[in-house]
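Just so it is clear, A, B, C, D and E label the chains in written order, and each chain counts residues from 1 on its own.
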Amino acid sequence: MKPLYQAFSVARKDLAVEFRTKESLNAAAAFSVAILLLFSFAFDPFSDTIHELAGGLLWLTFAFAGALVFNRGFSRELPNECLDTLLASPLEPSSLLIGKAIGVFFLLLIVEVISLCVFGIFYGMRWWLHPGELALTCGLTTWGIAIVGSVFGALTVNLRLRELMLPVIIYPLLIPLLIGAIETTNTLLIEQPFTGYEWLWAKVLLVFDIVFTSLAVALAETILVN
Amino acid sequence: MKPLYQAFSVARKDLAVEFRTKESLNAAAAFSVAILLLFSFAFDPFSDTIHELAGGLLWLTFAFAGALVFNRGFSRELPNECLDTLLASPLEPSSLLIGKAIGVFFLLLIVEVISLCVFGIFYGMRWWLHPGELALTCGLTTWGIAIVGSVFGALTVNLRLRELMLPVIIYPLLIPLLIGAIETTNTLLIEQPFTGYEWLWAKVLLVFDIVFTSLAVALAETILVN
Amino acid sequence: MREKLAIALAAAGGALLVYNLYQMFLVLPDEAMQGAIYRILFFHAPAAIVGMVGYFVALTFSVLYLSSKDLRWDSLAASIVEVSLVFSLINICTGSIWARIIWGIWWTWDYRLTSALVCVLIFAGYLMLRRAIDEPTQRGRLSAALCIFGCVDVVIVWKSIEWFRNQHPGPVLSIRTGGGHMDPAMERIFWLNGLALLLIAIALVLIRTRQEATTREIDSLRRLAHAV
Amino acid sequence: MGQAIEVDHVWKYYGDYPALRDCTLGIAEGSCCALLGRNGAGKTTLLRILAGLSHFQRGNIRLFGTAPRASETRRRTGFLGHGIGVYEDLSARENLVFFARIADVPSVSQTADGWLKRVGLDRVAAMPVRQFSRGMRQRLALARAFLHEPNVLLLDEPFTSLDDRAIAMLSQLLIESRERGATIVLSTHQLREAMAIASHVALIENGKLRYSGERTQDMLDDPTLLYRLHTELGAA
Amino acid sequence: MGQAIEVDHVWKYYGDYPALRDCTLGIAEGSCCALLGRNGAGKTTLLRILAGLSHFQRGNIRLFGTAPRASETRRRTGFLGHGIGVYEDLSARENLVFFARIADVPSVSQTADGWLKRVGLDRVAAMPVRQFSRGMRQRLALARAFLHEPNVLLLDEPFTSLDDRAIAMLSQLLIESRERGATIVLSTHQLREAMAIASHVALIENGKLRYSGERTQDMLDDPTLLYRLHTELGAA
C-alpha cells in the first residue's frame, strides 16, 4: 500500500511539526474551551434548555475549532515553497490530500477529547455512558470534517480573505454531516443508547465519508496542481 | 500624532490586502449566513429559548470570526521576514501592535454589521431600536477582542514566548469580555433600554479595553522583539 | 445564429407558458383539500427540477473542462449554474409562499427545505469563488471541483422526501411513485410547464454564454497583442 | 545519446502576459545545460514547467518521452526551486528522512545520514532548520533534491549563498551525477561558475530563446560574451 | 571621520552555542565594509544584532553613539535581510508607499515612484509582488532599504539573484550613498563584486573576527587571498 504509506508519512510529518509548534492546537483547543466555558457562564448550564442544545453546541464548537485547524493545514506548506516541492516530488497528490486529512483528523480528535472533558465538568453531562457509539459518531463526523476541510483548505490556499471564504464554502457542504452528528449526540447526552433512527444517521455519516473521500482522491491532482 | 499615524498606515496596509475587491463584503455576508444556518440546525430557532440564546449566538459568531481573523494578523508578517523588516524600521512596535488591532477591529465591525442584518431578518430581531447602546457594546467588545487577539497573534509568532504556552493563557481572557457583551446584547434584543446593570457591564468593557490597550502598548517591545 | 436560437426558444417557452396558464386557471378544477392555491405546484416543483437538472448538466461540463482544459466548457458550466440558481430561488420562494398558506409559516427547518437552501448556498459560494480568483485556468479548475462536490447535495435534495418524512409532502409525481398520487390531466400540465421553464432556462444560458465567449475573445486578442 | 528533455514550441501565459514565447529546446541525455537570462527572462518559469508545477498553454514537453506531471517522470526528476522547500520546524535529518520516505528510497535513514555527511551538515543534523544559516539551508535543499538519485535535475539558482567550499562540493556532486548519466538543467546569474560546469548553455530574453548550444571555450574565458552577442540590449 | 559603528567584545549565544565570540570591530563613517565568512560563520547574526533584531549577551554596540534598538538608530538605518521583507499581495508601488509612510518620508508617492524608476521596476509598479521574479523582488527589497536615505546600510547578501545590470545599478547606488556620507556594511559570498565596491573588509570564522582592515589591491586581484591567509582551514 504505497500511497497509504506516503499519506501516513505526510500526516506523521504534520503532527510532528504541530506538536512542536502547537500553532493550531493552541488556537483550536483554547477557542473551544473558551466557548464552552462562556456558554456555561452565560446560561445556567443545568437548566434543561441547555440539555436540548448541548449536542448542537458541542458540534458547532468542534466545527469552528476545525476551521482553525485546517486553515493551517495547507498554509503550513507555503513557506519555503514546500507545497511546490511536494508536488514536484514522487508523492501522489491524492496521498498528500489524504495525509493532510489524517493529520487534521487526529488534531481535531484531541481538541474534541479536551472539550468533552470540560463539557462533562461544567455541564454535568455523563457522555461516557455509551463510549462505543460516541466514538463512532465522533470518528465518522471528524473524518468528514477533516477531509472536506483539507480539500477546500487546499483549494483556497492562496486566496484573498480565505479566512471568511473557507467557512462559507465548507459549512454548507458539512451541514448534512453535522445534523447527523447533532442528532445522534443529543441522544447520547440524554444517556440513551442508539435506536434505529440513530443507526440510520450513522449510516448516513459513513456514506458521506466514503463519497467525499473518494471524490477527494479523484480530484486531488486537479485541486492541487495549477 | 506620529505613532497613531503609523498605526493607521499598518491597519490600512492590512485592510488593503483583504479588500482588493468588493467581493470581500459578499464573503462577510455569506460567512454570517453560513454560520446562522449552522445555528438553525443546532438549535431550533423558533422555540422561545432561542431568544434568550440570541445574544450568545451573535457573539459566538463574532468571536469565531475574530479568531479566524486575528490568527492571521501576525502570521501574515512571517513570509519574507516582513516582521523583522518592520521591527528594524522606524516603526514603533507599539504602533505595529495597535495597527494590527485596528485592522482586525474594522474587519470584525463589517462582519458584525452584516450579520446583525442577517440575524434581524431571519430571527425577526429588532436590534436597531437602541442604536446608541448597541454601537457602544459592539465597539467596546470588538476592540477588546481585537487587542487581545493581536497580542495573542504576536505571542504565537514570537518563538521565545510560544514555548511558554502564553497564547493559551491569553485566550480565556476573552470570556469576561464576551459575557459582558452577551448580557448587554440580550437586553437590547428583547428591546429594552440599558438599566444600571447593563451600564455597569459597559463600564467593565471600557475598563477592560483601557487596561489591555495600555498593557499592549507597554509590552509591545518585549512581546515582539526576540 | 445563437441569438436567433435563443429568441426562438424563449418564444416557444413563452407560448407554452401561456397555454399552460390557460389550462391551469380555466380548465383544471381546484384541488380537493387545498383549493386554488395548489396551482403553485405547477411552478414550484418544475422550477426545482429544472434547477437540479441544471446543476447536473453543469457537473458534466465541469468534468469536460477538467478533462479537456478548454475554457469554453468552464464558462458554459458557470452560466448554467447561474441560471439554475435563479430557478432554485423561484422554487424556494413559491414554496415558502405555499408554506405560509398551507402550514401557516414561511419557513421550517425540515430536511427538504434545508437541503434546498443549502444547495442554493453551495452554488452561491461557487459563484463567489469564481469572483475571488483572477487567473482563468485556476478559476476553472477550482470552481469545477466545487461544482462536483456540490452536486452531492443536489442528490440529497431530491431524495430527502423519500428518506425522511416530515413537514414537506412526499413524492406524488408518477415517475417517482409509479402513479396514482396525481391526476393525469394535472400531471400533464405539470410536465408541460416544466418543459416551458426548461426552454426559457436554455434561452437564458445561451445568452449568458455569449457574453462569456466575447470576454474570452477579448483577452485572447489581448494575448496576441502582448505576444507581438 | 538521445534527447532527455524536449521542449517544442511552448507558450506560457500568465494571464495575458506571455512569459515563454514559442520556446524550442532539446537537452541531450547526460549533458548539463546552464539556463541564462536577465531578471524576469523566464528561467524559473521554464524550470517550473519542466518540473510539472505549472501548465503551459501551447506546445509540447517530454522528459524521456513522458509528460512532466506523469508520476514516473516525477520519480525521475529532482527539483530545487527559489524557495528551498524544507520545513523550518523539523531538524535537517527529519527533513531528509521525510523526503526519502515519500520518494520511497530503499534504506531511508542510511540515505539521509549519507547525504547529511555529503553536504557537510552531519554535525548539525539534529538542529531544527529554523536555526540554520542561509547557506546551510541551501545545502540541505541540495541534499533533498539529490536524495533519490534522479536522472533529471532541475536546479534554480543552486549557487545562491553558498560559500566557496560549498560551491566546490556542488560542482563535484553535479559531475558525479553526470557520470551516473543524469541530465542537469540549472539557471543562475553567477556566469563564471555556470560556464565552469556547463556543457551546454541556453539564453532566454523576455521569454524568447535567443541562443542554445555547446558551451565554447571563449564563453569560458569571457562569461558575459553571450549577453553581448545574443541579447538585443547587450551587456551592462 | 569618526567611527560610525562600534562593536566591542560582543558575545552572542544561541542557547549555548556561541555564534559570535568576543567580536570587536569599528567601522569608520562613510566607509563600505564587506563582511566575509564561510556558511555559518556569523555574518547574518552580526548584521541582525546591528539592526537591533536580536539581543546579545555580552559586550557593547553603538551606532553613532546610540544603542541598536533605540528609535533614532532605527530611523537612521536601512536593513535588508535574507527574507526580502516585502508583501506578496501588495503591488510594488503599494509596498514602497507603505514603507515610506512608516518611515515618514516627506513626499511619499514621489519617493516611491522615484525609487521604482531607480531599480527599473517602473513598468511593473502596479503588479502584485507575488508575480515578480526573484530578481525583481530583490530589486524591490533594495529600493525598500534605501527609501528613507539611511546613513547606515546593513545589507545581507544584496547581490543574490541580481543580473549583471542590476549589480551595476546596486554598485552605483552604494557609491552614491557613500558620497552622501552613508556607512555601509554588507555580507556576501560573491567575493569579486564585494572586493570591487568595498573600502574595508572583515572576515569572520566560527563567530571569531579573523581579520578587519582596508581592502588592499592584492585582495582585489585575488579575492580568495583573504580566506587562504586568515582562516585556519584555508580555501577549498
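Note that a residue touches a chain if its C-beta (ideal position, glycine included) is under 8 Å from a C-beta of that chain, and two chains touch if they have at least 3 such contacts.
Just so we're clear, the structure is a prediction, and the values are computed from it rather than from any experiment.
Visitor: Note the shortest touch-path length, in steps, from chain C to chain E.
Guide: 2
Visitor: Compute the centre of every chain as the mean of its C-alpha atoms, then state which one is farthest from the centre of chain D.
Guide: Farthest chain from chain D, going by C-alpha centroids: C.
Visitor: If you tally contacting C-beta pairs, which pair wins, A-C or C-D?
Guide: A-C is joined by more C-beta pairs in contact.
Visitor: Using CA atoms for the superposition, what rotation angle relates chain D to chain E, in steps of 5 degrees?
Guide: With C-alpha atoms aligned, the rotation comes to 180 degrees.
Visitor: In whole angstrom, what separates the CA-based centres of chain C and chain D?
Guide: The separation of the two C-alpha centroids amounts to 51 Å.
Visitor: Cα centroid separation between chain B and chain C, in whole Å?
Guide: 39
Visitor: Could you tell me the distance, in whole angstrom, between the mean C-alpha positions of chain B and chain D?
Guide: Each chain's C-alpha centroid was found; their separation is 46 Å.
Visitor: Where in chain D do residues touch at least two different other chains?
Guide: In chain D, 14, 55, 82 touch at least two other chains.
Visitor: Quick check: what residues of chain B touch more than one other chain, meaning two or more?
Guide: Only 17, 20-21, 23, 27, 30, 34, 37, 41, 79 qualify.
Visitor: Specify, in ascending order, the residues of chain C that touch 2 or more different other chains.
Guide: 114, 118, 121, 125, 128, 132, 135, 137 - these are the residues of chain C that touch more than one other chain.
Visitor: By the document's touch definition, which label belongs to this structure's chain graph: line, ring, star, complete, or other?
Guide: Chain contacts: none of line, ring, star or complete; other.
Visitor: Output every touching chain pair, sorted by label.
Guide: A-B, A-C, A-D, B-C, B-E, C-D, D-E
Visitor: In their shared complex, at which residues does chain D touch chain E?
Guide: 14, 37-40, 44, 82, 131-136, 139, 157, 160-168, 189-191, 224, 227, 235-236
Visitor: Considering the complex alone, what residue numbers of chain B touch chain E?
Guide: 2, 5-6, 9-10, 13, 16-17, 20, 79-82, 84-92, 95, 221, 225-226
Visitor: Spell out the part of chain A that touches chain C in their complex, as residue ranges.
Guide: Touch residues, chain A against chain C: 148, 151-152, 155-156, 159-161, 165, 168-169, 172-173, 175-176, 211-212, 215, 219, 222-223, 226.
Visitor: For the complex, which residues does chain B have touching chain A?
Guide: Touching chain A: residues 17-18, 20-21, 23-24, 27-28, 30-31, 34-35, 37-39, 41-43, 49, 52-53, 55-56, 60, 63-65, 67-69, 71-72, 75, 78-79, 111, 156, 162, 165, 167-168, 171-172, 174-175, 178-179, 182-183 of chain B.
Visitor: Quick check: in the complex, which residue numbers of chain E touch chain B?
Guide: Residues in contact with chain B: 48, 51-55, 69, 71, 74-75, 77, 79, 81-90, 94, 98-99, 101-104, 144, 148.
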